[in-house]
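Next come two complexes built around subunit A: one with subunit B, the other with subunit C.
The block that comes next holds the complex of A and B.
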């Protein structure tokens, strides 16, 4: 029994971190912003926390709060030049941002350790901390999704012109999405630092952002449960498919293509939409029989 | 209640003068007609009023307030709402959710309250959904509340769009060919809805191809042709105006 716990605990921990980053990615996509900048904010949060906690002995909680704030400010600043961009142009611009952060981390090696990474970070975060952080995040995601902000995001994602004519300021709500997404990424980036002993620039590069996107494509953009499902699938699948480990990237790619083609809303959101349609059809049938 | 007044409004798309020096008034409590052949510039006028297109020249006022330069969301807050010629619903959302998004301008809880889940925001949401249900009731659409809006029949989709526009509690409501593609029975039904809305004090601008339908509902009709206002007046006056007859016979059927 203990063996099982020891084997799977790291997996569970990484799943929890994945949920955090998935929510950061979902926040922007939900509002119809195709930003993939979460990796950059996670990197900023991770390096900031690692440096101030290890080299300057800052209190971990204070460091995490500042990392969250840095994510907010970063999201806000990034949203300004990107306000006019949409779709693939947003994606490319935010990808450039991620690569700038990676190269800055490589370049300022006296501060960051450069390509060798930043090592011997005190391990102050364990499973319970991660779990608590994810639960608090789920609370906020739920509250926001039930609020006018969540409804505004949903409207802008589906048709931003309609949203605007109903009084939703596209610029304002896209900015809010950037800020919240940055906050989540900065915070969970900091958590990851205090969990993993060492970080390196490429941890927050292309692989990271593909993973974050994958959680949402698998899970869904519009529900609080979606990212959890997406992160779960991506955490469990490699374990189930151990024999395929050599070709993991290959099968991951196939899975993505199948998902996008057949369940464009993701597993969970797709299910919700499907049930909605079924229920509507059933009620129509009842109504027709009654008349 | 405030009138919507367009003064010398023009719109140029590159070399094309799509709307040229248009003057028009939409008074409260009445249904004003705007007719004209295909490509006359009717939708362009609506897009300029609602802040989706910038004016090339001219000004638009709602009461005392100049909204010529206002952005789309500011125009909505000022009290102008619209429907779209090619229906635009939020396809993933239910009918009720589509209507509730129309209450956005009435949201009172602060951003902070919404972000951290203060009672002012948490309690507001069910209240708005309740108001949405009442609106569905009024339009006879209650049984579709939880249907995905994208899957409804055409006539019902038009109603959903109308309810969403009415949910903003507008002073001025712009309807861009709201009965296009409907049969006469459905159109007459909607005509009654329009009369009710006007009776409640809203100023309606009704864009239509069907002159007979406009005649039944409007006291004042404007006729646009190739971007220019060629006639205005009561339906009778307009119908017998030689320029209007020529415009319609010349380009239609």
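The block that comes next holds the complex of A and C.
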């Protein structure tokens, strides 16, 4: 039994980190903002924590808090210019932001170690810390989804014009989404650098953002459980299909295409929608029989 | 020195333009970002490489790569975009499913090459250099420029002077109205994706020849550059993509010569960011293009 735990512990840890980043990505998508900038904020948080903890001996908790704050500030600053853009244009602009962060990390190699990466970061984060962080994040996401902010996000995602006519400030709520998403990405970026010993600029590039998007699409965009399911599928699937290990990417690609074609809302959200529809149909039937 | 960088820049830029053209053609016509374009580009290089390896002459390899990558591009259309058309979430869905298609193509490339960098056999292309005063350029550069110019002219002719081109532009304007007027949208989808893939395939071979390295990951940097090119030129604008591609190539070569290379990327993407904010329709984008700017 213990053996099993030790074998799968790293997998579990990566799953937890994936859930964290997935929530950061979900936060913006939920508000109808097509930002893929989480990778950039994660990079900023990761490098900040790595540098101050290793080179300046700062307390890890303080460093993580500042990384979260940096993510907030970054999100806020990015939200100001991006308020003008929508859809694909927003996605491209945030992609540019991610590339700028990657190239700056490569350029300031005295500070960040450049392409060789930043190594020998003290490992201060274990499974329990990650688990606690994810649980707190889940609670946080749940609270937000049940609050006025969450309802405003849902309204804006479904129809911006309707949202605006209901008195929801598009600018304000998009900014809130950016700030919260940046905070989550900065925090989990910091956690990752304290977990993995070494980070490099390309870790937070295009591949990172593709992964975060995959979790959300697979799991679902509108619910708190969605990203967990998505990250779980992507973490467990390669383990279940060990004979397919060489073709893991191929099947991931096929899966993404099939999912978006047949369950455009994601596994969990699709299920919820399906059940809700069935319940509504049953209720209608009862109603008709009663009258 | 500057003249030399200009020449190199024009050649690099023409390949960027070729790559970006297929990308912008699909965006302009169907309003989707086809991230699998990088995978199609790579497949073109792979097809060309295996054709040359099997003893075919280079020109035949080029033709095969065009046809092959055109067909692959159409398969991507069928697998990734045709399935979600009409679901009402095409903008978001297309991004994800084309990332999926790209992963598939990349992993196939990885298997084919065993994760190694492939190189064309020695003397696939004669290594010759010409000198004009201070400027030195290779036979390969001349051929690349020639092929790109011919392809661009052919495409312009096709898009703006033939009935097929009018059909493509009609569908890009409004698919419903176009099909009411007797245009077969299926045929337009096939043509557009085929042309876009063929252009990417040629770009793939050109890049493979000029750096003599072909690997499964080669598409991504060009895809990221293509974003810059198409936004700079105006998403969906054909002329814009050509001019912006050239400009980017020249700028990049000058910047590499006179600036630290890591900073070049920062400047290029910074430029992309600024252009998106100041003029999202790009340098040549028509005012009619819906750019998704917020209602005020």
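The definition used in the following text is that the second predicted complex is superposed on the first by the 291 of 291 C-alpha atoms of A that agree within 3 Å, B and C clash if a C-alpha of one lies under 4 Å from a C-alpha of the other, contacts with A are read in each partner's own complex, and residues count from 1 in each chain.
Here is the rule we go by: a residue touches a chain if its C-beta (ideal position, glycine included) is under 8 Å from a C-beta of that chain, and two chains touch if they have at least 3 such contacts.
Given the structure is predicted, the values throughout are model-derived calculations rather than measurements.
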First (subunit B), second (subunit C), both or neither touched by A:161: both
Partner with the higher number of touched subunit A residues, subunit C or subunit B: C
Which superposed partner A:236 touches (first subunit B, second subunit C, both, neither): neither
Which of subunit B and subunit C A:222 touches, first, second, both or neither: first
Touched partner set for A:176, first subunit B, second subunit C, both or neither: first
Partner chain in contact with A:277 - subunit B first, subunit C second, else both or neither: first
Touched partner set for A:103, first subunit B, second subunit C, both or neither: second
Partner chain in contact with A:253 - subunit B first, subunit C second, else both or neither: second
Subunit B versus subunit C as contact partner of A:143, first or second or both or neither: first
First, second, both or neither for A:132, with subunit B first and subunit C second: neither
Interface residues of subunit A shared between complexes with subunit B and subunit C: 161, 164, 170
Complex interface listing, subunit A residues touching subunit B: 139-140, 143-144, 146-149, 151-152, 154-155, 158-159, 161-170, 176, 180, 222, 265, 273, 276-277, 279-280, 283, 287
Residues of subunit C touching subunit A in the complex: 31, 33, 79-80, 83-84, 87, 89, 91-93, 95-97, 99-108, 110-111, 220, 224, 227-228, 231, 235, 260, 262-263, 265-266, 269-270, 272-273, 276-277, 280, 291-295
Subunit C contact footprint on subunit A (complex, rising order): 34, 81, 83-93, 95-97, 99-100, 102-104, 106-107, 109, 114, 160-161, 164, 170, 206, 210, 213-214, 217, 246-250, 252-257, 260-261, 264
Touching residues (chain side subunit B, partner subunit A) in the complex: 50-52, 71-73, 75-77, 81-82, 84, 88-94, 97, 100-102, 104-105, 107, 109, 111, 114-117, 121-122, 124-125, 143-144, 146-148, 151, 164, 168
